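Here is the structure we will look at, set down as structure tokens.
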Amino acid sequence: METILFYILSALIVVFSIASVSSRKILRAVTYLLFVLIAISGIYFLVDYSFLGAVQLTVYGGGVIVLIIFSVLLVHHIELELEVTPIKRKIIAGLISVVGLGITLWAIYTFPFTNATNYKSIEVADIGRKLLGYGDGGFILPFEVISVLLLAVMVGAIVIAKGKKLNE
Amino acid sequence: MDFSYTILIPLIPLALFVILGIFSKKIPASISGWMGSIGLGVTFVLSYYAAYQYYLNGKVNGVYQPFIYKYNWMNFTDKLHIDMGVLIDPISVMMLVVVSTISFMVHLYSRGYMKGDDGYTRFFAYLALFSFSMFGLVLATNLFQIYIFWELVGASSFLLIGYYYTKPSAVSAAKKAFIVTRFADFGFLVGILIIGYYTGTWDFQELNNPEGSVITNWASTSFMGLSVLTWALILIFMGGAGKSAMLPFHIWLPDAMEGPTPVSALIHAATMVVAGVYLVARLFPMYYFIEDGFALQVVAYVGAISSLFAAIIALTQNDIKRVLAFSTMSQIGYMMLALGVSGYHGHDGLGFMASMFHLFTHAMFKGLLFLAAGSVIHAIHSNYLQDMGGLRKYMPITHITFLIAALSISGVPFFAGFFSKDEILTAAYENNILIYISSVFVAGLTAFYMFRLYFGIFWGKDKEYEHTPHESPMSMTIPMMFLAFMSIAGGYIHFSKYISPDHMPFEAHLNYYLAAIASTVGLIGIVLAFIFYKKENNLSERFSHAFGIFYKWTYNKFYFDEIYLFVTKKIIFGLVAKPSAWFDKNVVDASMIGIGNVTESFSYKIKGMQSGKFQDYAMGFISGGVVIAIVVFYLWIN
Amino acid sequence: MDILSLFVIVPIITVIALGFSKGLKQSRIVALAGMLVQLGMSINLIFAYLKERAVNDDIMVFVKDIMWFEQFNIHYSVGVDAISVVMIALTAVIVVAGIFISWMVDDLPKEFFISLIILSTGVFGFFISLDLFTMFVFYEIAVIPMYLLIGIWGSGPRENSAMKLTLMLMGASAVLSVGIFGIYFNSNIGTDGPLTFNILEIAQVNIPEAAQNLFFPMVFIGFATLGALFPFHTWSPSGHASAPTAVSMLHAGVLMKLGGYGVFRVAMYLLPIGAINWSDFFLVLASIGVVYGALGAIMQKDLKYINAYASVSHLGLVLFALLMFNKTAWNGAIIQSLSHGLLTAMFFALIGMVYGRTHTRDVAKLGGIMKVLPFIGAIYVITGLAYLGLPGFSGFVAEMNIFVGSFQHDDTFHRILTILAVSSIVVTAVYILRMVGKIMMGPLSNPEYANLPKATWYEKVGLVMLLIPVVIIGVMPFGLGEMLKESIEPFLERLL
Amino acid sequence: MIEGISIYEILTLSSIVFFVGVYGFFTRENLITVLMSIELILNASALNFVIINTYLYPDFLQGAVFSIFIIAMAAAETALAIAIIINLYKLVASVEVKDTEKLKY
């Protein structure tokens, strides 16, 4: 059951991600991306990491995509067709990607991963403790840094987006 | 005996040159002329004293001993070095007398001739420089010292020919003289280098010793069938031929007449041009003994051909100084051929003695001819025969002295030239009949063209002159009279008592039979000239028409100048120098610039990689990463 | 303070003093004072050297060694032998003469003199260095100000010329630095000591033949480019043509000598086997340069170009003589370096004077200058005659040493090249007399030239200063020759 | 741990997503779409963190924590990038990459 689900999700992810980078209608591309992100959150759910799945859904599906759609709407007509990339460039980029993918997969498949046996699902409580733990292996400092970063980004985004007025 | 005072003979003119040269603006003309004349007067006295002392007392066991005073000037290798010093032997003393006499006379003469000229002091400075160099050359103790002074006389000749440096023809003549002789000196220098390498010495005493290792071992190394030393001697003769205006290096001498006339008398008639003869005479034992005198034969033939060639050209020239120049060349050819046919021992050395004898008498009468010509030019301000005529009435002293000199050079009996020329002809007759015949013919030609000049200047048509010519001042006529005296008296010196190749006196007698032939030929020439030129008539034109093309060739000096011009302008400049300049600009420089341009255009090409598109940069980054990954894995596998 | 380091310190002090001076008058006085001190010291050095040599048998005397950069064993190491002593004297004379010639620089005088003196600092430093690395550093110090001097104070297409000159010399020094590092990394073969840059220490080591063959051409070309080796000479004509007078003087007179000096002191001394193996090849190049430079000079129209090509020819003769591996020829090479330095500096000074008055250097446009400027004309003729090797001047002494020395090889190859080189004296006569005859003699080409200002006192002083050593070497070569030969010997021994 | 699915399959998936993102990053001409490609890349790597943590080192939580950080970073980055894009749009009236080549030369 899970296997089938995984394959379905995988197929969705691959198909939509490709569609997302090749669609010529920008709003459709954003929609395909949304599907990809949702499918990835599905995988998080499959590996019993529901907290991250939820985060993925809310932050990406809810926040980022909406942000992107807003910006698209701000700067484009909805029906705008994207410019066609030169075919030469597509081929080169495709070639690099395929070769890169090949070498990565080759590396993955030649490496003998030893699966852990003591499988257990990831609890939200554990993650909370880990994130806020200041003992051994605690992530309180990065956590705080990320908070500050988010704050800074928020302020920065406002400042930048506000920019200078055109008449200045 | 002490001859160390002879060192003063070159040093006095040197001091004069330095003083007059540095203060040429400060010293007034009147003083500088006197300074030069007095200085040269002292050397004149010293030279005659040295000659008196040496010829009277210089013999030990009947052989003239050389006296050498020298010090080391520069060391090349352990063996080779240049010494500076004085060598007193018969020929150098004889040359001292010649040079100091002519130089002194020319100094005196120039005081009158150059009067009022801007560069009066400069002129005397140059003359002093020349005298210094010439004395140094004459007194040289070794080959390299001769070469040094050889170059210096060349340079002072350059300065003196180009004395009227605002005149383009004078400048080009000066350049020509220097470059042609420099080219010949190139041969001289290579000859010196060969001698230095193969014999290990440049010292005349060692080189010329007939029993010495140099002469006995001449065959040690050979090159293209001849001994290297023969090659060296031929190359050295090349230098001598350049300075003495032998064929084919004679082209500078006629042009050198652009210089002031006293200079022509001093340098281009009496002293510097005979340096080539002196050089061969200096190395005479080497020339004679090495390879059985092969190089000496070259000297003889070059001398004979030059003398004939120059005499023919002299027939047709109209510039009186040029006639005299070709005459000089012809007479030097005589001296060369005399050396060339000479032997070494005893009476065989007649040619050598005759050559030196002729050098001496020639210096006197040719110097006189030039001074007299200068006197004429001074009076009427023209060099050309067409502008002259009937001058005997106006310039009696010049007339008489010129006549004496002309008789002397034509070999009329009882004049100096007769005796010396007769010795040369005798020597030629005894050795090489071909050269003898040519020489006799030249003697006739000489008489003819000299009297063509004489009649053309002093007789012929009575010209109307713009302002009446008048006799030159005393300062000019006194030296002329002295030289006229020498042109007669010089012949009565018994040269064979003083000068011979082996430094041993011998007895030379007049060969009356040969002398009669030569004088007759000379007289025929004079009579012919009398018929052609005594009165104004058109005989000469008819003759020149009759000879047609031959006359034209002769008049144009057999087109030697044109050939040289062609070789230098077209071949050396056009085919070598210009292409090499082009090559430098368009190949060497262009390839250096090309390297720069390629770098620049390459950077323009790869500049596109900095497209500003972050995607391109990322693409480069990722593909680089991929490539590195591939390489790493590849290495990892292996 | 040791006697040699002063040669670097005095110019530095002068430069600092120049920094505080204002205007032309002050700066030229300061520059002159500093360089006169330098000249005095260099004359003193000659006598001090002779005195020291009498009691000291080392190759180098007055040696002083200070650790500079310990990690790579780089020292500030100085010492002199007769060759460096005469080179230092030459440099001092030319720098002082150059300051006299630039007495009236009106454009940024302070900066001009500063650059000039920095340049000379590099040259002095180069001549006293015993450490390859410091030598290289001084070499670069000498080359860089050139760019500024030509680019700012030059004439004609100066930016282009300055760039060409600097790029070519920098390219050469890139090759040179590879060669120097090649020597450095082979400097402890067989001793197992630390790597060293010290010339005297490296000379004790036998660098393997393969390494010598590899690095000799690099070091040789690196230095010889500065000495205008054919075909790397093309920077010099355009560079000289654009450079201001004093810079041309200094450059042709001194800087180009660094090439020959470096070849002698580094390439041949440290890589003797490489030198022998490569000598035939470079000998051909050098003799081509001798004849080719002379022929090139015949066809030039610009006075400075004529002189630049003449320098190619004369410095070709220096390299030619160095490659002959013969004491006499080497002696000649060093005297030729001195002689050419002085004479070419005189020529450039004279050309600068003529140019400054007539504003043209075109041979075709000049004529009859001697009538108007008798002093300059007379010196021009004398310089010309000295340049073409007239006895009594230094050129003759040098050339005869070179020719006699080269002729001591008795194989056909060397003989032919020697005769080829000797033939250059004829070609030299042609272009010198053509130039002198055209511009100095003949009728005045342009009536405007009739009232040119006469030579001023500082020009006269500058010229006479240069002429005196030329005549002294030419008339009395004996002392110099002996002094040099003694120092040449240890270098020659390495090659035989 | 997903039944019947080994780590290889999931890593393959993430790699494919990653390189699709890379492809998009290279070929897209519009800044917003480029940004979307970056999201794909970030997601792929976040996925990797989680998977490797779950499959190989279930005792530790670093991978899980890091994926949270990545998502936070991605959100921040997106916000900032969109701010920049909008500002840029104001300046040059375009969000095409070719109009933003001010880095050139």
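For clarity, chains are labelled A, B, C and D in written order, and residue numbers in each chain start from 1.
Please note the rule applied: contacts are C-beta pairs under 8 Å (C-beta built on N, C-alpha and C of every residue); 3 or more make two chains touch, one makes a residue touch a chain.
Bear in mind that the values here come from a model prediction, so they are computed numbers and not experimental data.
Visitor: Could you tell me which chain lies farthest from chain B when each chain's centre is the average position of its Cα atoms?
Guide: When every chain centre is compared against chain B, the largest gap points to A.
Visitor: How far is the middle of chain B from the middle of chain C, if each middle is the mean of its Cα atoms, in Å?
Guide: Distance between chain centres, rounded to whole Å: 37 Å.
Visitor: Just how far, in Å, is the C-alpha centre of chain B from the one of chain A?
Guide: 102
Visitor: Take the average of all CA coordinates in chain A, do the same for chain D, and state the distance between these two points in whole angstrom.
Guide: The computed centroid separation for chain A versus chain D comes out at 5 Å.
Visitor: Could you please state the distance in Å, as a whole number, between where the Cα atoms of chain A are centred and where those of chain C are centred?
Guide: Here the centre of chain C sits 70 Å away from the centre of chain A.
Visitor: Specify, in ascending order, the residues of chain B that touch 2 or more different other chains.
Guide: Residues 619, 622.
Visitor: Counting only residues that touch at least 2 other chains, which ones in chain D make the list?
Guide: Counting only residues that touch two or more other chains, chain D contributes 22, 26, 28.
Visitor: If I count partner chains per residue in chain A, which residues reach a count of at least 2?
Guide: Answer for chain A, listing residues that touch two or more other chains: 92-93, 96, 100.
Visitor: Of all possible chain pairs, which ones touch?
Guide: The set of touching chain pairs is A-B, A-D, B-C, B-D.
Visitor: Spell out the residues on chain B that touch chain A in their complex, using ranges where they run on.
Guide: 619, 622-623, 625-626, 629-630, 633
Visitor: Spell out the part of chain C that touches chain B in their complex, as residue ranges.
Guide: Within the complex, chain C touches chain B at residues 164, 167-168, 230-235, 292, 295-296, 298-300, 327-328, 368, 370-371, 374, 381, 385, 388-392, 396-397, 400-401, 403-405, 407-408, 410, 418-419, 422-423, 425-426, 429-430, 433-434, 437, 440-444, 477-478, 481-482, 485.
Visitor: Show me the residue ranges of chain A that touch chain D in the complex, using the header's touch definition.
Guide: Spelled out, the residues of chain A in touch with chain D are 1-3, 6, 10, 13-14, 17-18, 20-22, 26, 29-30, 33, 36-37, 40, 43-44, 46-49, 52, 55-56, 59-60, 63-64, 67-68, 70-72, 74-76, 82-83, 85, 89-90, 92-94, 96-98, 100-101, 104-105, 108-109, 113-116, 118-120, 122, 126-127, 130-131, 137, 139, 142, 146, 149-150, 153-154, 156-158, 160-161, 163, 166.
Visitor: Using the touch definition from the top, list the residues of chain D that touch chain B in their complex.
Guide: Touching chain B from chain D are residues 22, 25-26, 28, 34, 97-98, 100-105.
Visitor: Over in the complex, which chain B residues touch chain C? Could you list them?
Guide: Residues 25, 72-77, 80, 82, 144, 147-149, 151-152, 155, 158-159, 162, 165-168, 171-172, 174-175, 178-179, 182-183, 185-186, 189-190, 193-194, 196-197, 573, 576-578, 580-581, 584, 588-589, 591-593, 596 of chain B touch chain C in their complex.
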